Amino acid sequence: MEASALQFFIACVTAAGFGLAIAASFCGLAQGIGLKAAVEGVARNPESSGKVTVTMLIGLAMIESLCIYALVVSLILIYAHPQAEVIASLLGAK
Amino acid sequence: MEASALQFFIACVTAAGFGLAIAASFCGLAQGIGLKAAVEGVARNPESSGKVTVTMLIGLAMIESLCIYALVVSLILIYAHPQAEVIASLLGAK
Amino acid sequence: MEASALQFFIACVTAAGFGLAIAASFCGLAQGIGLKAAVEGVARNPESSGKVTVTMLIGLAMIESLCIYALVVSLILIYAHPQAEVIASLLGAK
Amino acid sequence: MEASALQFFIACVTAAGFGLAIAASFCGLAQGIGLKAAVEGVARNPESSGKVTVTMLIGLAMIESLCIYALVVSLILIYAHPQAEVIASLLGAK
Amino acid sequence: MEASALQFFIACVTAAGFGLAIAASFCGLAQGIGLKAAVEGVARNPESSGKVTVTMLIGLAMIESLCIYALVVSLILIYAHPQAEVIASLLGAK
Amino acid sequence: MEASALQFFIACVTAAGFGLAIAASFCGLAQGIGLKAAVEGVARNPESSGKVTVTMLIGLAMIESLCIYALVVSLILIYAHPQAEVIASLLGAK
Amino acid sequence: MEASALQFFIACVTAAGFGLAIAASFCGLAQGIGLKAAVEGVARNPESSGKVTVTMLIGLAMIESLCIYALVVSLILIYAHPQAEVIASLLGAK
Amino acid sequence: MEASALQFFIACVTAAGFGLAIAASFCGLAQGIGLKAAVEGVARNPESSGKVTVTMLIGLAMIESLCIYALVVSLILIYAHPQAEVIASLLGAK
Amino acid sequence: MEASALQFFIACVTAAGFGLAIAASFCGLAQGIGLKAAVEGVARNPESSGKVTVTMLIGLAMIESLCIYALVVSLILIYAHPQAEVIASLLGAK
Amino acid sequence: MEASALQFFIACVTAAGFGLAIAASFCGLAQGIGLKAAVEGVARNPESSGKVTVTMLIGLAMIESLCIYALVVSLILIYAHPQAEVIASLLGAK
Amino acid sequence: MEASALQFFIACVTAAGFGLAIAASFCGLAQGIGLKAAVEGVARNPESSGKVTVTMLIGLAMIESLCIYALVVSLILIYAHPQAEVIASLLGAK
Amino acid sequence: MEASALQFFIACVTAAGFGLAIAASFCGLAQGIGLKAAVEGVARNPESSGKVTVTMLIGLAMIESLCIYALVVSLILIYAHPQAEVIASLLGAK
Amino acid sequence: MEASALQFFIACVTAAGFGLAIAASFCGLAQGIGLKAAVEGVARNPESSGKVTVTMLIGLAMIESLCIYALVVSLILIYAHPQAEVIASLLGAK
Amino acid sequence: MEASALQFFIACVTAAGFGLAIAASFCGLAQGIGLKAAVEGVARNPESSGKVTVTMLIGLAMIESLCIYALVVSLILIYAHPQAEVIASLLGAK
């Protein structure tokens, strides 16, 4: 029984680690694309830097929020899965 | 029986973790593409920043909604799958 | 018998989770591409923003509809598969 | 015998879920590409918006039709496969 | 024997579902590329919209025909495979 | 023996379904690329539409011919494989 | 022995179906690229359409020849493989 | 039992090592994209270098934060997984 | 012994079918790229069509030669492999 | 027991070697992209080379930091994993 | 023993067939890229066609040489592998 | 026991060989991108070649450093892994 | 024992055949890219053809050298691997 | 024991052959990119050819050095792996 229970935690660990990594990767790329446009804009038109920075921050925050969702799900998988209690008790209950 | 029941929760965990990660990744990229255009627009034409920001937010919200769907399905898979009750009861019912 | 029945629910969960994720990802990208054009258009030509927004919303709605199809099929797979009743009864009927 | 019959429904579920997802993804991308051109056209030339919208809708409808084919086949696989009756009867006929 | 016969229907279902999905995806993309050019053309030169629409429709129809081929083969695989009769009779002939 | 014979029909079905799908996909893309050029050409230079359409149709026909080859081979695999007779007779010859 | 002989025909069928499909796909794409240039050329410079069409046809014919090679090999694999006779005789020789 | 417990640590190690690597890779690419725009901007318009550098640093910091999330999760998987204690005790408890 | 001998012919068939298909695909693409340039050149500068066609044909012939190498090796694998005689004699020598 | 313990070190070695390689690859690409912009900037505007080099170095340092994270985790996996002591002792404890 | 010896010839056949195919594919693409430039050059500047053709042929010959290396290795694998004699003698030595 | 110990060295060898290859590949590409910009810059503006070369060398050195990290880890895996001593002693300790 | 020894030669053959093919492919592509630039340069500026050809040949030679490395390693694997003697002697030493 | 020892040499051979091939491929591509820029530069500005060639050679040498690293590691894996002696002695020590 314990071998299967450990399989469950292995799946949690894999999904948490790789899932967050994938989300962070592409959200990072997305922020890089937005950042690129902002930096180009500021360099071309320095006096618009206030508005550009505000717009950029709104967008970066929304992209960040997507990554936060993945972070939250990863932490749920590590710390707060509803069946984790029951399954963990199988480990000690041989 | 329990080994199979754990297999079910493993599949839920995998689908929830990776599914959300994939959706967050590409929706993040999509928001990054939209953000890039908005930032470029504001930098080139600062007095249009109000309309640009509004249009951007409408679009970001619709992209966000797609990711929310995936988040909802992920949470359903973790917390509210209709057969989860029955299957979880198999764990304690040895 | 129950092990096989659980295999069925595992397949439903996997198809629902990943299927929706894939559809949401690419539809999100598509909306991002449309959004980019709309934002660029508004920034370049602010007085056309009404028509641009209307055209964008028609397109975003049609893309959203494709993702809704996938969401509907995902929910069917989780909650309303025609054989699910029969198969679920195999779980308790040992 | 039932294990194999369940394998059949698992294949149906997988093909329906992923097949529709793939079709919806790329048709969504295609609509996004069309939408992008339409929005750019309206922004650049607002008085042509009527004709542009009509042309766009014709195209979007044809792309949508391709996705509908996949949706129809998915629903056939879930609800109306010609051998499904016979195979489902194997489940209860132990 | 029945397990193998079910394997056959599983292969049919998989090939039909995914095959059509792949064909619909890329034909959809192709139509999107054609649509994009048509919409851009109409926006830039509205009085040519009649000829553009006709040319576009000829092309979309030919692309649609390729997808129809895949649809026909998918339906053949589901409803009219020449050996399906013989193989289906193996299911009930235990 | 029958299990192996069914394996043969499974391979035919898979090769026919996916083979045609792949060919239809990329030939569709190719037609989309050709169509795009034709539509752009007509929009930019409407009085050349006759010659453009003729050239386009020659090209589309040649691309279509490639897809027809794949369709023919798919139908051969389903209906007219030279060994199919012999192998099908193994099914009933238990 | 027959199971192995069937494996041989399965390999022939797979190689013939997918091989031709791959060749047809990319040769189709290649023809699409050539066609695109021809159509653009005719639209931009209608009086050169004779020479353009001739050049295009020479090129399309050479690309078609590559696909014909694959078609020939596919048909050899289905109808005229040198060892097919010997191997087919194994089927009836139980 | 210990073999399974080691499987758990293997999964942690794999997820930590590859997960962080993937996140670092793409966040690095994203920073490279932002950096490129900044350097181009400074080279084209040297007197805007202050504002450009500030904007760039805000963006790089936000991208860095995404990679830090992945680093934190990697370290949690190596040093602070909630079930690690219990599972590690299985190693010595033969 | 015969099963292994058939494995050898299966490998030959697979390598011949897919190998030629891959070579034909990419050489076809290469010819398409060359053709595109030639057609564009003729359309832009019709009086250079003689020299363009000659240059194009030299290039296409060299690309064709690469595909012929693959065709030759494919036919060697089907008809003239040095060990094929010995191995084929294993089939009848049970 | 030792076979499993060695599995653990194999996983560490694999994750360390490939993880660092992946991170170094893409961070290298990112630095290459940044470097390209800097070199272009210096060539186009040699008197800005001081500011360009400073900006470039800030960016390269931040990208380098991401790769250092992966290097640190790789070295932790090789030299300082918290359970490595316990597991290594299993090797000599036969 | 013979089964293993056949495995060796299977590996030779696979490496020869696919290896040459891969090399021919990409060298073909490379020649297509070079050809494209040459044809464009001749079309734009017909009186330079002599020098262009010479330069092109030098380049094509060097690319062809790379493919010849792969062809030589393929033929070595089929006809002249140093251990092939010994291994082939295992086939008849049952 | 020795079979497992050899597995460990196999993993080291694989990680060292492929890891370094991947890192060298992409760092090479990155250097190629940087080199391209430098050469273009020198050709366009020869008198800036001193500053360009210096900037290029700083960047190439930083990219080289990333590849050196991978080389160091590869050599550690081959020559200086902390557990290698213990594991190698298992080989002679049969 | 001989089966394993043959496995070794199979690995050599595979690595030699595919390794050289991969290296030849991409080095061929690289030469194609260099060739393209040279041909374009000669066509645009015919009197520079001497210097262009020299520069091109230096570059092509260095790329060729990389492919020669792979060819040398391939031939070492086929003809001169240090352990090949010992392993080959296992074949005859049954 | 010998089977495992051969596995080790198989891994060395695979890592050496493919690792060098991958590194040579991408470093070749990188050199091709650098070469392209140099050739274009010489063609556009022939009197800068001395400086361009020097800069190009510095860059090509650094890229070559990365490939040399991989070559060195490949040769180490074939000729000088520290445990190879011990493992090779296992072959004759039956």
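Lettered A, B, C, D, E, F, G, H, I, J, K, L, M and N in written order, each chain numbered from 1.
By our rule, a residue touches a chain if its C-beta (ideal position, glycine included) is under 8 Å from a C-beta of that chain, and two chains touch if they have at least 3 such contacts.
Predicted model only: the values in this text are computed from it and were never measured.
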Interface residue identity across copies chain L, chain N - same or different by half: different
Length of the line joining the C-alpha centres of chain E and chain L, rounded to whole Å: 47
Chain centre separation in whole Å, for chain K relative to chain I (CA means): 11
Euclidean distance of C-alpha centroids - chain E vs chain H, Å: 43
Chain A and chain E: spacing of chain centres that average the CA atoms, whole Å: 37
Chain K residues counted as touching two or more neighbouring chains: 7, 14, 16, 18, 20, 22, 25-27, 29-34, 36-38, 40, 42, 44, 52, 56, 60, 67, 74
Arrangement of touching chains [line / ring / star / complete / other]: ring
Complete ring sequence of chains beginning with chain A, oriented so that chain H follows: A, H, J, L, N, M, K, I, G, F, E, D, C, B
Complex contact set, residues of chain G against chain I: 1, 4-5, 7-8, 11-12, 14-16, 18-20, 22-23, 25-27, 29-34, 36-38, 40-42, 44-45, 47-48, 51-52, 55-56, 58-60, 62-63, 65-67, 69-70, 73-74, 76-77, 81-83, 86-87, 90
Touch list for chain L against partner chain N, complex: 2-3, 6-7, 9-10, 13-14, 16-18, 20-22, 24-40, 42-44, 46, 49, 52-53, 56-57, 60, 64, 67, 71, 74, 78-79, 84, 88, 91-92, 94
